[in-house]
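In the two complexes that follow, subunit A is the common piece, with subunit B as its partner first and subunit C second.
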Partner chain A sequence: MKLSLMQENLARGLQVVGRAVSSRATLPVLSNVLLRTEDAGLKLTTTNLEIGITSWVPGKIDTDGALTVPARLFADIVNSLPPGERVDLETDGADSLRIRSGRFRAHIKGIDAEEFPAIPAAGERPTTRVSQKVLKAALGEVAFAAASDESRPILTGVLTRFAGDRMTLAAADNYRIAVKTIDIMDPVEERALVVPARSYTELARILADTDDPVDVVLAPAKNQVLFHVDGIDLITRLVDGQFPNYQQVLPAGHSTRAVVDREDLLKATRLSALIASSSANVVKLTVPPEGGSTVAVSANAEIGDNEGEIEATVEGEGTSIAFNARFLTEVLQNVDRDQLALEFNGALSPGVFRPVGDPDYVHVIMPVRTAS
Partner chain B sequence: MGEWRTRGQPLALETIERIASRGNLPNALLLVGPAGAGKTTLALDLAAVLLCGAADPRARPCRMCAACRRLDHGNHPDVHRLVPSGAGRQVRIGDRVAPEPGTVRSLIHELALAPSEGGWRIAIVEEAERINEDAQNALLKLLEEPPERTVLVLCAADEDRLLPTVRSRGFRVRLGPVPADAIAALLVERGAADASRATALARRSRGRPGVALSLAASPDTVLLEQRLEREILDLARQGPSVRLAAAADLFRSGDQLASGLLPAQAPGVGGSMAASAGASSASGGEGDAGLAAGGRGARVSRTRTPRDPQDEVTGEGARDRQAPAARRAALLALGEIWRAVARDLALASHGCRAELAHVDLLEEIVALSACLPAGAAERFLARLDATLDAAQRNANPEIALDVLLLAWPSARAA
Partner chain C sequence: MGGRGSEPMSTEGAGTGRGAGGHPGEPPVRVARAPTILHVDLDAFFAAVEQRDRPELRGRPVVVGGAAGPESRGVVSAASYEARAFGIHSAMPIRTAMALCPVAVFLPVDGRRYVLASREVMAILGRFTPVVEPISIDEAFLDVAGSEALFGPPESIAAAIKLAIRAEVGLTASVGVATTKLVAKIASDLRKPDGLVVVRPGEEAAFLAPLPISRLWGVGEKTRLALADFGVRTIGDLAAVPPDALRRRFGEHGAQLAERARGVDSSPVESPQDAKSISHEHTFDVDTSDREEIERTLLGLSEGVAARLRAAGLRAGTVAVKVRDSEFATHTRQRSLPEPTDLAGPIWRTSVELARPLLRGIRVRLLGVAARNLREPLQLALFTGEAERERRAVEAIDAIRKRFGPRAVTRARLLQGGVPEPFERDPDRRPGARGAGDPQA
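Showing the complex of A and B:
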């Protein structure tokens, strides 16, 4: 392998793929980045066995070839080279690489490219396409609700269901559920898969705030899914198993509805959380009967108590319901709208949070039973 | 015929070959046998035959294809190895949210994902008796409902220390001691020793190829063992005060054996030995995966930072600074040497000279055995077992050593 590239292009590519390099890799080769010449440039690939990221860097190829080299070290070296300079890469024997740029030279040892796990490429026709901006926003509203605890591995994933020209993302842990449905550009026959939430967090990082589409390729083997944007592939393994049927948990109706400003409620919740965090981290929302104009947010712990009021438009019965402050804060932080409708059905039924003006998102949190 | 690396275990190998060729493997295999007998090697043989890409099933494992080479270099994504780590040398359950590699939760997380290459997935737990109780319970669910095409291989020298719930779910394959000539042939074949040294090391390893390979890589360990054996033999001719005075020195030597102060000499021979200098014994894929780990090799790769032997202070001071676990490990290491000597004495007293493990001490052992009361060595062995057992259950290691020194048979004046 022998080729030349521009330093800034190579540095950017290495930064993108660096996200999939684990600092405590189980297999030695996973600390490495795979370099492979392809078409008119260099393909960089890394994987931690859960996700794999591939990035293409344009360059001028003299001879084809492939090699893996330690990812961190290689990136640090490239970043230390003078910007704007040409970087020459050349393999030296089967497992080492010479780097040359201007008056700098380096030589690093690697591992044979054959040892690197097989990562499928996006060669196939995309199964469907989705606007990057829309998918990115949807992931932000859903992925945080997945379980981080490994005790039920299926819940660490996000259910991703394709049906016709819609795609539904759902995440749940034992106390909350977030569901969002978005439009996709090409209709797909019905199919459901569970993608690790961590992979979606990485995908959200790669997606840009543009209407340009991201290609989605469901691998034929059905155990991987690939996302392709300009110059970058992200491939993720799927979580094995059946996602629980969340639909039966979504409440059908409500007896109380209050529309509030999301920022106001977030500020009031954060204030109450200061008190609540000293004990059970429970924050109480008190909604007056129809005609009332404020919702009270309060906390009561051994260390003290507090109460804040925010403006609201209330329909239905008055009620009082308590939630874990963290779950409440997280939904308020992550929802992408200014106004939020809170729908309750008494103190012990799940609370529903719907952004006003977005019928495609719903968030449900289990309440906390309090003594009073 | 594929290239199997397991030596001298015809029955175990035949069982593994049979179930591998049938393709319907049990969810969990329990490989039981002495440390260093070749359990990990057999587990890796199984992984190789299941993952090998050779077209002809009878040629598997070919050790040439990409899958075989990745396995050899610890780079196969479908092979997961758990090894004891940390101060207590345990296989731990791992963090709930971000489990560390080599822990049970990291394995559960990994196996929850769809297979990366679509074939078999093999998880190998070396020294399964070192999985702590919480971690064993966490493993249960995996044992009961494993994902498809997944085999969990538990290697254990002492299966009684596994929870009954775990033990009962494994398909048991027993490994016995390997004949000395097979071990000697292995050492020569690997270039670890010349023929005469290989024969001596094979006898010394008492049927455990993993131990023989570790010893071949560390001549200093052999020297230390030989010095200890001679000292133990000499003590049989000494009175109680001399014996008790020797305790401090014995302890120090035991500690050296247990904590791996003696450097491995040949890098690349004995995967876990090569890793011993570093602090990370948690690295699942060790250098030369084809070698038998476990046994002495594994014991050498303790995570304690090896001290320079020259820094050794006198016995008492050194002992005071030792953690209880380290003192116990020193006693157990010493106990193993002692057991081998006592075994040879017992054999010699019955005239079985050809079976002796310590060829270099043959004359001394035979001479001493003639001076001991009938059955003395056998009685000591029983006492040794009971004392080491007590030490593992938290008996004071110093007192246990004193007990052994006083129980050691006295030679009648010839």
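Showing the complex of A and C:
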């Protein structure tokens, strides 16, 4: 293998695939990036066996070939080279790589490309396409709600359900749930899969703020899904198991509704969290009966207490409900609208958060039971 | 006294497993200070409540405990002073008591009325200082430092407390006033009933010296006999033994004895609000090694701890058991739970496992179950499983008990043995963290 690339193209490609490199790899080759010449450039591939990312970098090929080299070291070297310079790569035997750029030369040891796991490529026709911008925003509103601990593996995934020309994303961690439905460009037969939330977080980084589509390929293998944007493939394994029936826990009605400014509520919650975080991190929302014009956000702990008021439009009964401040903060940070409707059904029933003007998103947080 | 009474237990801070008494590691240097620690002890408590409520019993020997009858295998929980004149004392088999005084009135234990009276008394104590540490159903420590400006010197406060308990609850109490819990407790016991004994600062050792060593915490029958080998009969004798000799003979316990003999006790009065744990303890009328009785008692204690966790909206991350043997040697073990809980089941199972290795070859005097590492109020879950159904059942039971009394629903296993209601430190007040959303907080 012998080829030349521009430093900035190679550096960008390595940055994209770097996210899938295992930090604590059981197989040494998983710490490496696979370099393989393909068409008119270099294909970079990394995997941690859950997710695989491939990026194509344009370049001038002299001879074809393939090799894996330590991903972190290779990226660090390339990043340190001056931008705008040409980088020459050449294999030296079966398992080492020579790097030349201007007056700089390096030689790093790698592992034979044959040892790298096979990663399926997009190749096939996409199952459907989704606006990158729309999917990126939806993932931002949903993926954070997935469970981070592995005690219920299914909850570390995001339910991804296709039906007709709509796609529903749902994530839950047993205390909260976020659901968003978006349009897709090509209708799909009804189908549901559970994608690891970590994979979606990586996908969101790769997606651009553009209406250009991302291809979704459900075909390659039953237990995988592949996303393709220009020059980049992301393939992820799916989470096995049955996602809990979340529709069952979405409240059907409410006895209290308050419309508030998202930013106001976020600020008041953060202020209360300063007190709340000293103990159980619980903040309380107090909504007055219909006609009231403020919602109180308060915390009460050994170290002290506080209360803030924000403007609100209230309908229905007055109520008081307590939440973990982290769950509250996270939904307020991640929802992409200025106004939020809070819908409650007393202190012990799920609290519902709906962005005003977006009927396709709902977020539910289970309250914290405080002393009766 | 109800039952045999219980030993002073400090309300334990998180993670510390110390038993009664002082910190052995601390130097016995104490700045002389005002005697602001009071020990208030109700006189012949159970029997006194019965005599209060049934005037015809006043002046007569009254014995409370077990099931009466010549075949009874129960023991005396409390004896009125009239009954004590016949030689009846608590922990004595009912049969023996009946033989000593056939004309005495024998009554079963009516825990509910005693708990009510106890709460009234504790409420009175709380008027004089916020620092009240109830240590059993009928006794409490108070630290009145800072209350003098309102209520006068400690002995006046002690007199006012006695007066208030008599006027408002209709019971008599004995009070000891001293600079330490250790001395205050011994002082309250000295002139029962209706006594008031003040030990001035600097006079602790002299006050203790003539008393028999059995009055000291931590001196059981074995220790008493072992000390007799040293020629020690009084606390003064004990104070004269070089601490090193005691340490060599009794180890760490010896070092504690040496301090206590001089009246040194650095443990502060701790009110339950400061508690970083919730614990229930039970002192057996008669020391036991019966496995069934021990497990049943642990179940009763676990139920009590769990109910208070739920009332406080907290969950326990750690369960601890305390086992005290007939020699007053106290052992504690604790274990973290895989998942914090406020249910009796997991607390009980853990406490039984923890207690098992501590029970070998001993007779148990006292058992305690503590919930520690108290966690946030309960975060409700979206996808409810088995645990949530159990919770709902338990909550329904809590509601029934609240309305119809603590015995309205009970575990079948607790029916057979007549385990007394676990002593509640202060069932209506939340310990520790006040959570947001608590309407009372």
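Rule of thumb we're sticking to: the second predicted complex is superposed on the first by the 369 of 372 C-alpha atoms of A that agree within 3 Å, B and C clash if a C-alpha of one lies under 4 Å from a C-alpha of the other, contacts with A are read in each partner's own complex, and residues count from 1 in each chain.
In this text, a residue touches a chain if its C-beta (ideal position, glycine included) is under 8 Å from a C-beta of that chain, and two chains touch if they have at least 3 such contacts.
Everything numeric here is computed off the predicted structure, so don't read it as measured data.
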Clash or fit, subunit B versus subunit C on superposed subunit A: fit
Subunit B versus subunit C as contact partner of A:138, first or second or both or neither: neither
Subunit B versus subunit C as contact partner of A:287, first or second or both or neither: neither
First (subunit B), second (subunit C), both or neither touched by A:78: neither
Partner chain in contact with A:335 - subunit B first, subunit C second, else both or neither: neither
Partner chain in contact with A:66 - subunit B first, subunit C second, else both or neither: neither
Touching partner for A:177 - first (subunit B), second (subunit C), both, neither: second
Distance in angstrom between the closest Cα atoms of subunit C and subunit B, superposition on A: 9
In the complex with subunit A, residue positions of subunit B that touch it: 66, 69-70, 73-77, 80, 96-97, 99-102, 105-106, 108-110, 112-118, 147, 283-285
Touching residues on subunit C, where the partner in the complex is subunit A: 311-313, 375-383, 430, 432-441
Touching residues on subunit A, where the partner in the complex is subunit C: 172, 174-177, 244, 246, 249, 272, 276, 279-284, 298-302, 305, 320-322, 324, 347-348, 350, 364, 366-372
Residues of subunit A defined as touching subunit B within the complex: 24-29, 49-50, 111, 114-118, 148-151, 153-154, 156, 196, 221-224, 237-241
